[in-house]
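The following block contains the structure, expressed as structure tokens.
A, B, C, D, E and F are the chain letters, set down in written order, and residue numbers restart from 1 in every chain.
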Amino acid sequence: MLRLATPRYERFSQASSFEVVYGGGEANVAISLANYGLDAAFVSRLPANDIGQAARMNLRKYGVDTSHIVWGGDRLGIYFLETGAVGRGSKVVYDRAHSALSDIQPGMLDWDQVLEGAKWFHWTGITPAVSAGAAATCLEGIQAANAKGITVSCDLNYRKKLWKWGKQPQEVMEEMVAGCEVILGNEEDAEKVFGIQPEGVDVTKGEVEAEAYESVCKQLMKRFPRAKKAIITLRGSFSANHNSWSGVLWDGQQLLRAPTYQITHIVDRVGGGDSFMGGLIYGLLTYSADDQQALNFAVAASCLKHTIHGDFNLVTVQEVEKLMSGDASGRVSR
Amino acid sequence: MLRLATPRYERFSQASSFEVVYGGGEANVAISLANYGLDAAFVSRLPANDIGQAARMNLRKYGVDTSHIVWGGDRLGIYFLETGAVGRGSKVVYDRAHSALSDIQPGMLDWDQVLEGAKWFHWTGITPAVSAGAAATCLEGIQAANAKGITVSCDLNYRKKLWKWGKQPQEVMEEMVAGCEVILGNEEDAEKVFGIQPEGVDVTKGEVEAEAYESVCKQLMKRFPRAKKAIITLRGSFSANHNSWSGVLWDGQQLLRAPTYQITHIVDRVGGGDSFMGGLIYGLLTYSADDQQALNFAVAASCLKHTIHGDFNLVTVQEVEKLMSGDASGRVSR
Amino acid sequence: MLRLATPRYERFSQASSFEVVYGGGEANVAISLANYGLDAAFVSRLPANDIGQAARMNLRKYGVDTSHIVWGGDRLGIYFLETGAVGRGSKVVYDRAHSALSDIQPGMLDWDQVLEGAKWFHWTGITPAVSAGAAATCLEGIQAANAKGITVSCDLNYRKKLWKWGKQPQEVMEEMVAGCEVILGNEEDAEKVFGIQPEGVDVTKGEVEAEAYESVCKQLMKRFPRAKKAIITLRGSFSANHNSWSGVLWDGQQLLRAPTYQITHIVDRVGGGDSFMGGLIYGLLTYSADDQQALNFAVAASCLKHTIHGDFNLVTVQEVEKLMSGDASGRVSR
Amino acid sequence: MLRLATPRYERFSQASSFEVVYGGGEANVAISLANYGLDAAFVSRLPANDIGQAARMNLRKYGVDTSHIVWGGDRLGIYFLETGAVGRGSKVVYDRAHSALSDIQPGMLDWDQVLEGAKWFHWTGITPAVSAGAAATCLEGIQAANAKGITVSCDLNYRKKLWKWGKQPQEVMEEMVAGCEVILGNEEDAEKVFGIQPEGVDVTKGEVEAEAYESVCKQLMKRFPRAKKAIITLRGSFSANHNSWSGVLWDGQQLLRAPTYQITHIVDRVGGGDSFMGGLIYGLLTYSADDQQALNFAVAASCLKHTIHGDFNLVTVQEVEKLMSGDASGRVSR
Amino acid sequence: MLRLATPRYERFSQASSFEVVYGGGEANVAISLANYGLDAAFVSRLPANDIGQAARMNLRKYGVDTSHIVWGGDRLGIYFLETGAVGRGSKVVYDRAHSALSDIQPGMLDWDQVLEGAKWFHWTGITPAVSAGAAATCLEGIQAANAKGITVSCDLNYRKKLWKWGKQPQEVMEEMVAGCEVILGNEEDAEKVFGIQPEGVDVTKGEVEAEAYESVCKQLMKRFPRAKKAIITLRGSFSANHNSWSGVLWDGQQLLRAPTYQITHIVDRVGGGDSFMGGLIYGLLTYSADDQQALNFAVAASCLKHTIHGDFNLVTVQEVEKLMSGDASGRVSR
Amino acid sequence: MLRLATPRYERFSQASSFEVVYGGGEANVAISLANYGLDAAFVSRLPANDIGQAARMNLRKYGVDTSHIVWGGDRLGIYFLETGAVGRGSKVVYDRAHSALSDIQPGMLDWDQVLEGAKWFHWTGITPAVSAGAAATCLEGIQAANAKGITVSCDLNYRKKLWKWGKQPQEVMEEMVAGCEVILGNEEDAEKVFGIQPEGVDVTKGEVEAEAYESVCKQLMKRFPRAKKAIITLRGSFSANHNSWSGVLWDGQQLLRAPTYQITHIVDRVGGGDSFMGGLIYGLLTYSADDQQALNFAVAASCLKHTIHGDFNLVTVQEVEKLMSGDASGRVSR
């Protein structure tokens, strides 16, 4: 997806240029994994024009395998971003209708080949929101992965403005999430998609209580028995520049809680959830028996994302582990 | 329409920012007229989001009346522009499918109100190319103008990549052009739209012969009896930086020829034809009995357009007349 | 007025470019009103050159009526701005001597025509500071508005460096303010212009006490019996990046107090007072019987101004009302 | 003087930033000389604010002695520049009224100290154009230099828009030029200032005939007997991007002619005349007995100026001599 | 190699930013081949820091295989570039001493693995110029390629300023070039490296005669019997903005001559020779029996390179073939 | 030294341009002193190329005497800077090996001439870290200053990555520091260079205790009896954007403590220590008998440095004294 952002907190009407970056949920996760040194591939459909090619090149730059992309369709999805400050929130104008991805149809991707040798398959709730074809194609992938015994994870990622093709999220997502071993959501997703509610939390105010989400996790895992872990990212929004950030992981038995970071001077918060998922997958694959470490890695990694321009989380394992170890001092490294 | 251009001759894959300007055939003509001090209104359909608003503000900035715009639809049409140099031509990637304009339907515009008090109605061949609805709505406007005795002009403006909605240009344009008093085209349009051919001209090579177009004009006017004047812009393409530029006007009796300008260091050639039309309308309205002056004004005005960044021709009557008078020296004005 | 600002906190000596925006007290108020959907006109004198034209175009872009501007004089007033950070305050170098406005003379504006159909006339203390002619012309406008029964408001806006034409502010402003129904000032203006003092407030330190300004308001309204409301903006300056912001309104009987906002990451604080006035006028006209709502709208609107680059407050009624409703979370709107 | 230029050929109304450089006739000459390794001082009056300081710093950066500048007055003179292309000439909007220099008065500069140890004193016709005080102060300097036996040169530099303080150029310049040993002008200056005409030259068309200027030189030297050399720069204006450039020098006995350069891709032509003068002074001081070499150096130096952004001619003696030697190939130096 | 270029024709002393691109002889050739759809790998030594990583990412972006790079050493070589105009040539300041590559030693690269499956091995004369270790390592590669029957090509690429490590080019290059099947040079290389002279050519003046190089080619092939083809690029330097460009190929029996292109508005000429080589290798591999086509492709490809910002030639086969087919009109592609 | 910084918090791999500033320990101190109106000279060795010249010009711009620089060597030292945010610290990649300075040898500088008329000689621990030659040359300067009775100061400035030429800091620095009257260090330097430890301080966490450094100062002064004052800068690192900043001065009898500033929105923290030293030297020379004032000036000055882009502290005495007086409000100065 092409992201066009106004520079320097400008409003759309002021901008005489847009900053160009490429991103999108699954792409952002793939980039994180490639940065951490894992093999990662991005699978989607892009238009066979220069803009689609530029999107691919940008993924390839950071080491993501782009050989499974299929080419066709009219256009690359776009979103326009205006970065907010203080009490003026960032504003996203979606322009992704009729994208190459939205015209995808089951059968266009050769899932056998795509998943050959893979250990993990990740998708986000943005994909089924786009079109019936995208939802069906994604479901194909989930089922293929299940058949091959590949771990499947999802980020519920509810986007109200995108679900316009005729079905409700719950109708579509139920079967898809049922194929997942790992389910991620933020504090609103479970409610908006499945009507599962946390208690006593006002998401527009300050920090949120981790405990309140335990019941949400339990409900998710009861509903989707394949799931082994449910994770919720916890964002406290003090202002557009200052958020708190944390997360909890329910492993079926206990609620693991990560430290909470104060992100006092946000550079770019878009892609925060994706960077969490990227960190989590890395953590679960690497610190294999230690979910607490995995969760802490995910939170620290995505905390760093908020300091990086663009959708991608361009940090190394060493940088994440330094923050995990408690060094949030931001001292100059020389 | 939103234009996103790579800066400094960059290729799409190199750009980390796009320059933002707004433009489009009819808008460009309206801007020219407003710059020359005439009242001009732009009538179209724009999406009710911040990008649509930014497009309107940019027109309003230059004094174009935007009160007749209707709001709705999904998105603003976009085109991506990569500016070429020497033997590498500029490249346009269209992304205007499903724009607010393409979803327009007859009846959405109140043509009686739009045309109240108007003297001139101009449309371009890009509009009917976009969709059946856009074609039908434009035809409504032409017919309303005819009914009110308002002069109608068109720019044939053939764009092969846009005609995708099911009909051929000729089927659609025949009736529309039949309502026009003034018909403008470049050296390829008449052939591509109506199969009318000039003789002995290779448009990819150097300067072209004005005379060769007399027969084209005659054929056009024979086919469309309402037409009083047919005009052809003449571009010689030596390189992406150096074009020659001129035009001829057939008034039914004689072929008027404008001087030919050598535009040796092009800044931005997009919008050249629109600036010609803007100059021509101004000239025909102002130098009323003198078509030669009107033609000369149109050619000089659009020659200057090639030195202006963006789609709009931001020049004054005084600047055009200075060039018309023969001063192409480019000396500093201080 | 032309504003030339160094980019990225640069000092003047470092800058190889200046960011160009246009602004000025009354223009900023007009822009606010136009953004809120009201009809607003800007009346002044601008030089008949390209810089003056660019200033006008920028107002027109945002929908302000510029048809009453008179053209003439030598130059557009300029101010140079260097944006400060932390303990280094922003720095303004004025270069507005001999501007087109400063050479204005009574009689140049046809106030009857300018005020035709108007409901509200606003002026600021910067105008009389510029020259005797500007002061006299502004007084003409006030008297014409009074004669027509149009509400008149002023922002005292004391600028020490500008009062150089021979008279003291008090001598000049007394008669002008006497014609106003609504008087706005910040915590220093009343003292600097009329010697009216608040008590126990150190404006260079932290937050200020709203109550201390009740006596100031009372004194103002006693001195200027036409006034129905006196309003004081309250800025607490913790650093160049972090201010608190609020205001009080005395309606002759009670002191209404607005909430106080912490603006922790200021983008651009120039134009803060103007955006307050723009919000206040909108509020008084719209929430007609509810001064508390009007005051709250004014404070919330101008709080948002601090997040917008340039002098103009480019926000919508919806955005202001969202902040008024208590949502200062700065969450992404998508 | 502060120069504010629109970037990338933008028109004033399009610019969201201005490029900042500092320049001005005498400053430009001083910079040239410092670049060539000579001691050079710039003497003027600048405002005691940050903009004045920035101007001084920029001169000091290139090694010009700024210790003789006197500080005071309201403002630094400004000019706005819009760079033209092809048939659209560059446009200068002057905003130098009421500058610190224009308020200078005789006696403010201690000419004895300024000229201590100097070999050469240069002034341009822009200075007396600004105000009576500037003219009188400059005359003071000329007379002081004459008294000390220092060579005096001038560039007639006629600027119609600047002569507004009440006297005609001829009245003022007569006495000043009478104190000069070296007189430089372009093809229009002698006529505009002293009514001395060349023959058969149309300056808006192509290349000009060197010979036509011999009579101008003779007339100048007859009128000003102190003059030892009269020099005329010859600019042929094919377009805003392409000029020819040359010059002639009359030494009282013969007309020396320099080669003519085709400057086909001009980067910045402002300051061309000043760079000629800087080269000429260097040449006359260095190639002492060889006026032809001095003239050739001046023409080659100023030819290179057209490739440099800003008013200053930032080239070395080696670079000028390479071009003088006939190598105009523009090959990469590595 | 990191290239740091001043923007907009600025001189080094003026620049407040440098444009960052990555490049270098062999990298540029690899990029060309990857753009044309061939598998290409870049083999070198880069420092294990963020700057080295950024260089690699930029190659990977365009599809070059970077897996054979070895990591170590102090620094990435840098060159500073100032783009010239008209008679002021571009200027390169090398800062590549002590680069990671210059510290390479034979044995660091596993040539067997690097060349596994390869069809072609290309090196340039810049590599042996850098250090004894680089020369020896490159020779290792040539010999390994020879042993495997892989075609070897070289670009003589003489750079006077780089040969500082103790030996003369001829001493070192003799053995290396002896291993090549294809030898490329420009009009100066053969002379500077091997003392082989063309006749009657002044490289600082206009266009050069293709025929004069036939003797050079013959001498080269006589001296290096393994060579099957010798190719010379022919650059005529009219100015820094305008070059002519062509080439000749001697196949042992006849001199094939390519068309000559006039590149009248150069965007960036650095990397021209490398893009020629990239085109030639593509042509020789693709138009297998047709050396004329290969030569024409090489010249057309590198002609286009002069319109691309940066060292890399970012063009497609279709774009090159369009120019080869004679369409140099630079018309807009839409 | 040339500093190349990524713009807008970009990571190295994202940057398509680097911001260019010049700086380095001793240069930064010289700039501070020149800004405060003292005569200051910078003595070093720079390469005789355009990059070296640009470095010199930038010093000269701010009034530093550059006439004692010696020219020669291969290259100007470079450091690449990536500005961090929140928990991601800034990152410096040094590229200063083999710089002109590192190749300096004793005898290259004529210390007698350099120190003629000087009152103060300052050096930093970065210089001896670079090479044996730089260390020996610096020692020459210290001894020459001692011989002339010039006050010598040093900033210990430990940089682990630079000490690579064979000796340990302690071996080299012992004799050099022994020649100093004033010794400055930060909270880590004394330990890293001389093994002198403060107690109970974790430099990666929040604010530090001033008292803990008294013992460090005492140990330093005991070890280096020539020293009259030892000063320690105290930085508390809350995040990359928020530091606290203070300092203590031990005069042999008592520990003077400066106020602590909260720098909540850092613009650029590189050069903080140098700006402290610049302020301290100014303070000690100006407030001669009042070390507390000198210390307060140093802390306030360097607090302001954190708001200035680049290595140089471009503030005036008045600005520092305003902050010293307690006004940290950051109000607009107009």
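Please note the rule applied: a contact is a pair of C-beta atoms (placed from the backbone, for glycine too) under 8 Å apart; a residue touches a chain by one contact, two chains touch by 3 or more.
Note that the coordinates shown come from a computational prediction; the quantities given were computed from them, not determined experimentally.
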| item | value |
| --- | --- |
| Pair exhibiting more inter-chain C-beta contacts, B-C or B-D | B-D |
| Farthest-lying chain, centroid of Cα atoms versus that of chain B | F |
| Chain at maximum distance from chain E, centres defined as averaged CA atoms | C |
| Cα-centroid distance, chain D relative to chain E, in whole angstrom | 44 |
| Rounded Å distance, chain C centre to chain E centre (Cα mean) | 62 |
| Per-residue multi-chain contacts in chain D, two or more chains | 11, 13, 16, 57, 61-62, 91, 265 |
| Parts of chain D lying in touch with chain E, wherever the complex brings them together | 61-62, 261, 263-267, 300, 303-304, 306-310, 314-315, 319, 323, 326-334 |
| Chain C-facing residues of chain A, complex | 8-11, 13-14, 79, 84-92, 94, 159, 161, 203-205, 237-242, 265, 269-270 |
| Interfacial residue positions of chain A with respect to chain E in the complex | 57-58, 60-63 |
| Complex contact set, residues of chain A against chain B | 4, 7, 11-13, 15-21, 49-51, 53-54, 57, 74-75, 78, 80, 82, 91, 93, 95, 97-98 |
